[in-house]
Amino acid sequence: MAGSTYGEVFKVTTFGESHGISVGVIVDGVTPGVELDPTYIQKQMDRRKPGQSSVTTPRKEYDTINIVSGIFEGKTTGTPMCIILQNTDMRPEAYSDIQNAFRPGHADFTYLEKYGIRDHRGSGRASGRETAGRVAAGAVARKLLERRGVSIVAFTKMLGGIECETFDESVIEENPVRACDPVAAERMISKIHELAAVGDSCGGIVECRIRGVKPGLGEPVFDKLDAELAKAMLSIGAVKGIEFGAGFAAAGMNGSEHNDEMDANGYRTNNAGGIIGGISNGAEIVFRIAVKPTSSISRPQQTMNIFGQEQTIETHGRHDPSICPRIVPVVEAMACLVLEDMYKRQAALHD
Amino acid sequence: MAGSTYGEVFKVTTFGESHGISVGVIVDGVTPGVELDPTYIQKQMDRRKPGQSSVTTPRKEYDTINIVSGIFEGKTTGTPMCIILQNTDMRPEAYSDIQNAFRPGHADFTYLEKYGIRDHRGSGRASGRETAGRVAAGAVARKLLERRGVSIVAFTKMLGGIECETFDESVIEENPVRACDPVAAERMISKIHELAAVGDSCGGIVECRIRGVKPGLGEPVFDKLDAELAKAMLSIGAVKGIEFGAGFAAAGMNGSEHNDEMDANGYRTNNAGGIIGGISNGAEIVFRIAVKPTSSISRPQQTMNIFGQEQTIETHGRHDPSICPRIVPVVEAMACLVLEDMYKRQAALHD
Amino acid sequence: MAGSTYGEVFKVTTFGESHGISVGVIVDGVTPGVELDPTYIQKQMDRRKPGQSSVTTPRKEYDTINIVSGIFEGKTTGTPMCIILQNTDMRPEAYSDIQNAFRPGHADFTYLEKYGIRDHRGSGRASGRETAGRVAAGAVARKLLERRGVSIVAFTKMLGGIECETFDESVIEENPVRACDPVAAERMISKIHELAAVGDSCGGIVECRIRGVKPGLGEPVFDKLDAELAKAMLSIGAVKGIEFGAGFAAAGMNGSEHNDEMDANGYRTNNAGGIIGGISNGAEIVFRIAVKPTSSISRPQQTMNIFGQEQTIETHGRHDPSICPRIVPVVEAMACLVLEDMYKRQAALHD
Amino acid sequence: MAGSTYGEVFKVTTFGESHGISVGVIVDGVTPGVELDPTYIQKQMDRRKPGQSSVTTPRKEYDTINIVSGIFEGKTTGTPMCIILQNTDMRPEAYSDIQNAFRPGHADFTYLEKYGIRDHRGSGRASGRETAGRVAAGAVARKLLERRGVSIVAFTKMLGGIECETFDESVIEENPVRACDPVAAERMISKIHELAAVGDSCGGIVECRIRGVKPGLGEPVFDKLDAELAKAMLSIGAVKGIEFGAGFAAAGMNGSEHNDEMDANGYRTNNAGGIIGGISNGAEIVFRIAVKPTSSISRPQQTMNIFGQEQTIETHGRHDPSICPRIVPVVEAMACLVLEDMYKRQAALHD
């Protein structure tokens, strides 16, 4: 109800503030008896953690997972898994000079309006650091999905106006921007360095592809598979839009163009993006999200403070010039949470 | 869990199949003691009902609401409101020749895969007719939102490639395509007639604007206001994408362009679309959805049947050449459900 | 949230007021593809309906079910089943003289305090008539539980101070008080007639036995199987207590007496009532509930009215002198709802 | 869904195993801006912790709370509070010799049947140690309820067959069995020592009284206030029954005796135990629970092992001869969780 929980059956609750003692997650509803090596989870954490490369924030967090419960002798027990990530490189004092001013693009103003109180240190609960817990939970879901033959891959498709023109899955984890086109990746890296030099930031587009989902997954009416994926993706701070399959282009098509015809091998085209009527159709599930430019920039901006006065603000924290590279594992994690939950819902229905 | 319910506090459950006895909805969690005239709900039903004009399906449903419970002497009692809409103009026999074939673009195949059984008559539960219950529930929510000073308006922004170039709210309900530009509306109507003549259909873009929401509405983390709106919109059958504020254009912007600066009067720009960090910022909430072309077209299409054989299919039911005009009240209804639920969640948190 | 829904996966929502147009229920999450004959549900309705015998209220309701959705060609479709029961023998005018006074034992005062408005006609939503919808839903659950080999039987164990001394399951449905001892049943019937003659009522104890549940059903911690059964039973208006197995007697025992020892055939005793740590242990699940005497009596009683004034009230509606005989099918229905939901939750966990 | 969460709005999730790294709780939906001193929570922990006196287990846990999130500068922020309690005095090796046998009265068999795997160390998740997290969360709820003028007190009413004959609230926390009658308390203590000497245990009855709840709290139908309290109490491991007000005695009464008449000052009697139709009536809320004798006894018992063989088992862990003294703060904590959640639900309904 209070917003920190996702899922009906495979249920995930995150906790913790950016500059508090630690952040973490509880995962409840995990299939019992599944072998789960902590290094499997750690690997995903390492993909998301700050300080990976020259294109990400220099904040240094090791994000070493501490599994407090729910595992016994290397296997899941079916009881809640609590995974904690200690905050180590906090610099709350870095925020003291801006504790009274609302940073443009940040949730400072809206959180204060909602709660009447806010932990201003590095956005507190609204920080992207909260997603560390999601990635840990997503890794648990990913392990369960592997057993089902499902794989998920996300990547940067566009960044700072530079589009990928080829798709080579093998290069994604080989370049620091996680682009699917190595040539475009080089240009994106240059772009980020340029922007960083002038204290600016940029947005981009991330695409996600999900394979191995048999036809029939998803719920009808309100909890359609695409509806849940849309919610999950828009729940990531910087995401401003999502489209499935042909997406916004579908709005300009005729039915005779857009309808995916079938033959004995299944669908001939995939304008639907793998989902019809909210339920998977067996084709690859494809969606793209619009990622806004990082709000934190090192340029003077006009804003208001908590006293209602206008002021100029300039922030010099440690930030990602573009959030795309590090949002990729978060997108995958959220997709894993949605899918694993849907599989369990389907099992419940048919039991 | 099984997908037919929306909302945490203001809870809506729809039921019924397109060609069954009736469709309807239960609304639970309604504020007690509120005067609610049935004609207020009926007015919204009339905006959605089929057979309104030459651009919509000729299926004739009066959609006269029958409020079975939850109202006493003209006021809400706080107990579940059940509202029933009798189906009258069913023609299940029209579907008998296609009961074994999967219509391209429709949920025929996916429903059969999910459930192992399906009511093939006019898409059964997957039919757009299910949204009648949503509109009835949305009208109840709208009444409650009026007390809060909130107003919601949606309209066709683009249809069949024709864009609105002006925005005049007063004309929206005056033209059958519900466009915000009367000149574009005329061209859209012609376009629909052209497509109908050749048995084809088209998609479009619908925009929704919400005013009067004070800053501070929405939940953090997973249940962000934009995440819930995204889920709600993607839960409408024909919707393939959504974007808030600058949306996909934000992906191509720099932070210094995209950040909405503030002055003593609030935000100077609205690239955020009225929501930051998942919480309303007091600006107008603005989003756009991509509506795919109507799947039912009167042209031969290649498909598969339930026996795994390829076949050609041609459907001649009664359909909307573009769903945009009738999706507008559904979009508004879903936005009402999201907002009213969020208001009640906020009240619970602060109590 | 607003209290009219039970279940996490097999989800049941009732609606309707005692003297409104109709009462009913939506059941969502039903396993698809199961043959379900309406007469199967009707049979359970007939066990609960008023006017069955000389020991029940003379209000005449046929309670003929109308299945509006969720069934296609005799089978469940997995979509919401809406079942409606028309009210026919309403006499709202019978309540007009007491609309301003709070009847002792009834929820008149508490509903007005909660909602600020109330439908005073025959207790409105607080009427036992609401349970008609539960019995319809319970019949659907019972059908699904039959496939699992589970059977549920409840009966009157004590009524008006008269205890059953033998247990013969075959006589339960053969006597109008649904006692498990035919001799005691005769005495109970006489007792009811005596009380009716003097305008009074009496309470009793109903026992429920559930067989065929394999070990391992139920959730840990908060949603223990006994916790859910307790909630379900206490949600029936007249129930004031519940105990499992040895129950309150266990409070007076030593551990060496109370612990159920095991041998190769399972448990040697059943002080636990078939549930340990909230999870079924394979033994018969046994619980008893305390049913308070019917609140409606035809004797002058002291009370308050809505103006805060003291007054004497005398009610002459149509009521059951003891609610035990008709509560039996409601107890069974609620047990069915709990169990079916638990089975589906178990399936989700292990998937 | 998986059972470790309680509450609709004020939502509590516990985690952790008895002999794992730590146990703890997440509380989400806390009213923001409330001053909350950690010592306030610690005080409740100290009432529950083991090793308090000669009548409780000698296991030594300091149960020092570690509030990881959700508090900023001494006030609640409205974001999830994670509270962790490190396990310090674990002796998992004490359980190694019984890891293959099912201890009578314990959830060993049922957990293994449910999950197919179990952490056998001190009952793992099924241990009473899990309730430490509940008490921490209950203290947060208690602080919020204080603002509403609500107070909750529970106490031992009967233990080992010895009944309290007087009620003096001031003595409850002054005697180690938490009885309301100091003379009975002395006899109870002797009884416990006697039983401990022979390696046996005993049950008892705990009563709870709640004051300051205005009329109108609770939900209708399934989520009645007494239904939720019943669920909450039966979710405590050792509880086998509950009754409200006159309780099981009501089953033997006539309506003319049982109905609580009203006068201008409210109810003249309180057979209802403060709840009618599931909603508070302004009178004191009173219920009693049956507590079974501690399952762990130091006597040889017959049982089965995981290989299906019969065997004799004798356990010599560190246990409470009667759980009543330490269950009292857990009962209060659960009552707090139920009430705070109900208040917030009521606020949501009326908003």
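A, B, C and D label the chains in the order they appear, each numbered from 1.
Keep this in mind: a contact is a pair of C-beta atoms (placed from the backbone, for glycine too) under 8 Å apart; a residue touches a chain by one contact, two chains touch by 3 or more.
If you want to know which protein each chain is, UniProt gives these names: A, B, C, D = Chorismate synthase.
This is a predicted model, so every value here is computed, not measured.
*Asks:* Both subunit B (Chorismate synthase) and subunit C (Chorismate synthase) are touched by which chains?
*Replies:* Joint contacts, listed by label: A, D.
*Asks:* What's the farthest chain from subunit A (Chorismate synthase) if centres are computed as the mean of the Cα atoms?
*Replies:* Of all the other chains, the one whose centre lies farthest from subunit A (Chorismate synthase) is C.
*Asks:* Can you compute the centre-to-centre distance for subunit A (Chorismate synthase) and subunit C (Chorismate synthase), using the mean CA position of each chain? Integer Å is fine.
*Replies:* 46
*Asks:* Would you mind pulling out the distance in Å between where the CA atoms of subunit A (Chorismate synthase) average out and where those of subunit B (Chorismate synthase) do?
*Replies:* The answer is 27 Å.
*Asks:* So, what's the distance in Å between the C-alpha centres of subunit D (Chorismate synthase) and subunit A (Chorismate synthase)?
*Replies:* Centre separation, subunit A (Chorismate synthase) to subunit D (Chorismate synthase): 39 Å.
*Asks:* Can you list the subunit A (Chorismate synthase) residues in contact with two or more other chains?
*Replies:* Counting only residues that touch two or more other chains, subunit A (Chorismate synthase) contributes 1-5, 8-9, 14, 29, 32, 78-79, 114-116, 125, 220, 345-346, 348-350.
*Asks:* Given the complex with subunit C (Chorismate synthase), which residues does subunit D (Chorismate synthase) contribute to the contact?
*Replies:* Subunit D (Chorismate synthase) residues touching subunit C (Chorismate synthase): 1-6, 8-9, 14, 102, 104-107, 109-111, 113-116, 123, 125-126, 130, 158, 160-161, 195, 200-205, 214-224, 226-235, 237, 240-264, 266, 268, 271-273, 275-282, 290-297, 299, 301-304, 308-310, 345-346, 348-350.
*Asks:* Quick check on the complex: what are the subunit D (Chorismate synthase) residues that touch subunit A (Chorismate synthase)?
*Replies:* Where subunit D (Chorismate synthase) meets subunit A (Chorismate synthase), its residues are 1-5, 8-9, 11, 13-17, 20-24, 26, 28-30, 32-33, 66, 68-70, 72, 75-82, 84, 114-119, 124-125.
*Asks:* Going by the contact rule at the top, pick out the subunit C (Chorismate synthase) residues touching subunit A (Chorismate synthase) in the complex.
*Replies:* Against subunit A (Chorismate synthase), subunit C (Chorismate synthase) makes touches at 8-9, 29, 31-32, 78-79, 220, 343-351.
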